[in-house]
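Next come the structures, one after another.
In the two complexes below, chain A is the common chain; its partner is chain B in one and chain C in the other.
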Partner chain A sequence: MGYSGVRGGQEAIAAAERLVQESRFGGRSAWLELDQITERLGLGVDRVMGEAGLWAPELAARAVRQAHGDLLEAAQLLRAHRSTLPRFGYSLPVGPAELRAVRRVSPAHRNPPGGQVLGRTTDYTPRILDLTPEERARPRRAPGPPGAPAAAPARRPRGDRPDADAGLRAAGLLPDRRTGDDPEPYDITRAPARPGTPRSARLSALARAETGSLTHLWYSCSRAPRPGGHEIPLELRRGRLPLRVAHPHTGRPVTVAGVRVTEARTVRPTARPRPDGTRFDAGYGLCYGENEPKALAMAGLDLLVHRDPHTDRLEQKVLIALDGPEASGFLEHLKLPHYVDFRSTVERVRAVRVGAGAGR
Partner chain B sequence: MPDTLTRERRCELLAAAGHEEIVTLAERLLADGVPRPTVVQAPEVGMVVLQVREPVEETRFYLGEVLVTECSVELDGVPGWCMRSGDDRIAALAGALLDAVAAAGLPALTDIDALCAAVAERQAAEEAAEWADIQATTVAFEELT
Partner chain C sequence: MTAQLTTELAGPPPSPGIFDELSKREIRRAMLSGIAIPGYQVPFGSREMPVARGWGSGGLQATLSLVGEDSRLKVIDQGEDAGVNASNLRRLVAAHAGCTEETDTRSADIIQSRHRIPEQPLRDGQVLVLQVPGAEPLAGIVRDMDEQRRMHAEADYSKMWVRLYEDIVHNGLITEAAGYPVLVEGRYIMTPSPIPRWDVPKMNDSEAITVLSAGREKRIFAVPPHTRVVPLTFDDRPFEVERTPGAACRLCGSQDTYIVQEPGPDGTFSAWVCSDTDFCRRRRTGDAPAAPAAGGTAQGGTA
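Now for the complex of A and B:
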């Protein structure tokens, strides 16, 4: 498949682009400021950064605005811009213990060590379209807690990060997959991720997968009958991770920035090589920003690929079919002229038709 | 905050300082006679790959990249460096200058550490406010039997 080179139409193309510019910069409403986008449409900005693979809230907000709110297009814009930037280096590794949580829930344990902190969520309240009239909604501020605010300690307690897997591991219910090896991570931005590449490639590909595609793939896998019972997340968290680099003159760690992330850990009873149910398999999800469906689906698919990468070519789908800019770019190219390609196809169909005795 | 900041802690706090406060201080120090630094590496916008050690196999993977601005200067032979999030070349240059002034032990170190103390105090207050907010959402579910 391909599209042919064409010439001409420059004036029409310029006029079409002008219409886009008028749509972007025209209109009667006020100019959409970047901080309005990052504050009011933060989940969209988070999603764009995750799918572009670049944490840059202001640039992502620009991309959302330029794309007229089309998040897939915005991710494509940011991903393309990313390719123009130099890479200074690699951060020092950070682990889950360093995640500063603002939300932590456990669907598996009623009273997990460290407790459950719901954080900002609508999980337990009806999701109803807010039809408050605009003149009343505009000045409204978030309601405070009823009555006097509870006295809170000035500082968050340290050590508020119990290991979600520790209990199952200690009980022998979770296979210990730690080998002590520490291979260099696979860099999917430098080499394509294909079946057989290390798990680090899978986690990177899932972390920047398109949220809708990821959700759909997880859903289609989870709806299919699979042996061993369904998954239950051990823990879901949102919070901040530090970006820590080695100081160039002292060599010691320095935190130079922070990113917001969502993290999920999930388990299913084992089903390899055949259902036995004596232990659990584990999966891990971590993505940029506030995106709980993505982290949960990522953990579920990490688990399923680890368990059985070949059924339904799941590993291949995870590595190849979930990238938003790649998929949308391929789809978008269909709109470009395919005149020669189509004429050739018509001639081939005619030839086949003649060969089959159907043509006249 | 301890009386004496480590160089790394000072770098962290300068990286977390706002554009206005860090640039204003750097401009004031230059106006007060701090020698002009030699720019070793002009402020440049680029990316750092965020490496994460995941908990299942405890191996590393790349979560993605983070936009940062980096700058290096030299002040009478003493190097200064700054890296901060986002695209802000002026603030990175100011941060590198302040790092060099502090590393050189110039009298303006007091002003720089005062700014760092203010940033640290603000961070602590924001963290306390955040914790107060989310602490109210701590829950102990009861099972219906």
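Now for the complex of A and C:
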């Protein structure tokens, strides 16, 4: 079948892969263990899980390591892995009231019911590059007894989610965007998200969005003047949610895992009262892991799309343009050969010139 | 239990590792919908593949859903079997499905291609899978996806015709190069994927099934056999394919195939060579038809 002619490409690929293997497994440094990645580079791992739409810390750590630290590439690897898994069921819905918060700040209130819990954050740590010499930095790591956390959480924030907004809602100022019915969420991995799809599609698309793209879109929206006052988050929380499934035999809910999430709720005043009399629009953001900018940007964009989906085609952008693997894949596909269409393009450009008397 | 359940629903998996059998079944249903409504873009739950978006993830899903162990698979990029991208996709599918790798267009059951339709006229029973980077022919005319869908639904293509007319007014001719818009069976305007205009007439009344799959944009569309596929143009503007007078393939000497430029002996782009390497090789050994598919002879459709 004359196969010798197709060897060239395969040999080049094999050689390229050998070079990649050398940089993955070569060098003099120690093998990078998965727990080092999940423990020391946890924010990167969280980001990859969020953008891949798969909660699997150890697999995400593998992806980060295989991708040489390229988080977008790691998300692509994890998503491709996700495609190999058949889907047999859905977890049971879980309410935000069940979130066990380890951090909770409420910028809109001085002292909200339940209190402010700063938690682990670098928000107020001076951004100074730590230049401690390596030999002095290393012993700082004091290993505690195995299995026990270095410092137990001081206390659980008082009450599982006291409703800080009850007052606003009772006064009829804050809309309740929860719907009374309980529709199945729109699964954007099984049907494409397009303008006009339900809010659940938008929230999923935002939760899987690339953090940088999300930050950029929120930023460009915030810089453009918009009617109404500016945005103030009611609450930002980080914590753990239980993952429950119905037991296949008994049908009773069983908690099978815990998932760390970041949640944000935000409001913007409206210039004129809504038909229901409310004076604020509300937005919601929830994403995997520890990713506060993502949850905040998500809530801000959910609010803006709800307010006006059509200006700047914002709804379309949120649904279509924020996906990391899609954007980076399409950008990088420019490296593929394009000489067939280039010849076609050159032919048209020449034809226009000839038609215009070669002087154009 | 899981394995049993999928086997019951979708047949035994050839091998694990790319995507599951239930998903393949979903892709096949989308392809059947596309064949039932020629040129209509069927939305589907495009899965992530072991290749990045934009690198043939749509074509790969279609091909993987079609191949079996007894299939003969040809993969080309820019018409060439040997390119790095074609080689990569071919080895991926062959390793997953255990199908036979093929380069001779005549013997292939499934041909996955990027940017070309082979010169060898396709026959009944073959499936051509084209990779599609941008599925929406109206994307350059209206940006709003709702409006694009409305225009397709109502066959309201007046803006497309105005665009082509304006092109003639500004440039003296229609400047669409690769991916020239076509009207399928008198109903839907479709992009034929970025194939050169040279290949567009081959889609008309083809013996084979053409499946066009856009993984990133999550749409599949198809042209069943013996379907009218007509490039959009006006009565007094014949559809023009790429022709360079006097140019011929430096290897097989043909002037009736799609050729691309190559460095000549002087080191500049002065030579030409066939982009379809299989057809060129067979031409040189006398194993190819003298007249390939009818490039450039078709007349354009009219408003």
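In the analysis below, the second predicted complex is superposed on the first by the 317 of 360 C-alpha atoms of A that agree within 3 Å, B and C clash if a C-alpha of one lies under 4 Å from a C-alpha of the other, contacts with A are read in each partner's own complex, and residues count from 1 in each chain.
Operating definition for what follows: a contact is a pair of C-beta atoms (placed from the backbone, for glycine too) under 8 Å apart; a residue touches a chain by one contact, two chains touch by 3 or more.
Computed from a predicted model, the values in this text were never measured in an experiment.
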Greater residue coverage of chain A in the superposed arrangement, chain B or chain C: B
Partner chain(s) touched by A:111 [first = chain B, second = chain C, both, neither]: first
First (chain B), second (chain C), both or neither touched by A:260: neither
First (chain B), second (chain C), both or neither touched by A:268: neither
First, second, both or neither for A:238, with chain B first and chain C second: neither
Which superposed partner A:82 touches (first chain B, second chain C, both, neither): both
First (chain B), second (chain C), both or neither touched by A:96: first
Overlap of chain C and chain B interfaces on chain A (superposed complexes): 82, 85-88, 187, 189
Residues on chain A engaged by chain C in the complex (per definition of touch): 1-3, 5-10, 12-13, 76, 79-80, 82-88, 187, 189-192, 194-196, 313, 316, 320, 325-326, 328-333, 336-341, 343-345, 347-349, 351-352, 355-356
Touching residues on chain A, where the partner in the complex is chain B: 49-50, 53-59, 82, 85-96, 102-103, 110-111, 115-121, 145, 149-150, 152-156, 163-165, 177-179, 181-189, 199-201, 203-204, 207-208, 241, 243, 245, 247-250, 252-259, 261, 265, 282-284, 286-288, 302
Chain B to chain A touching residues, read off their complex: 6-8, 11-12, 15, 44-68, 70, 72, 79, 81, 83-87, 103, 124, 127-128, 130-132, 134-141, 143
Chain C residues touching chain A - in the complex, by the definition given at the top: 2, 5-6, 16-23, 26, 43-50, 52-55, 57, 77-79, 81-88, 90-91, 101-104, 107, 114-116, 133, 143-146, 171-173, 175-179, 194-198, 216-219, 240, 242-244, 258-261, 275, 277, 281
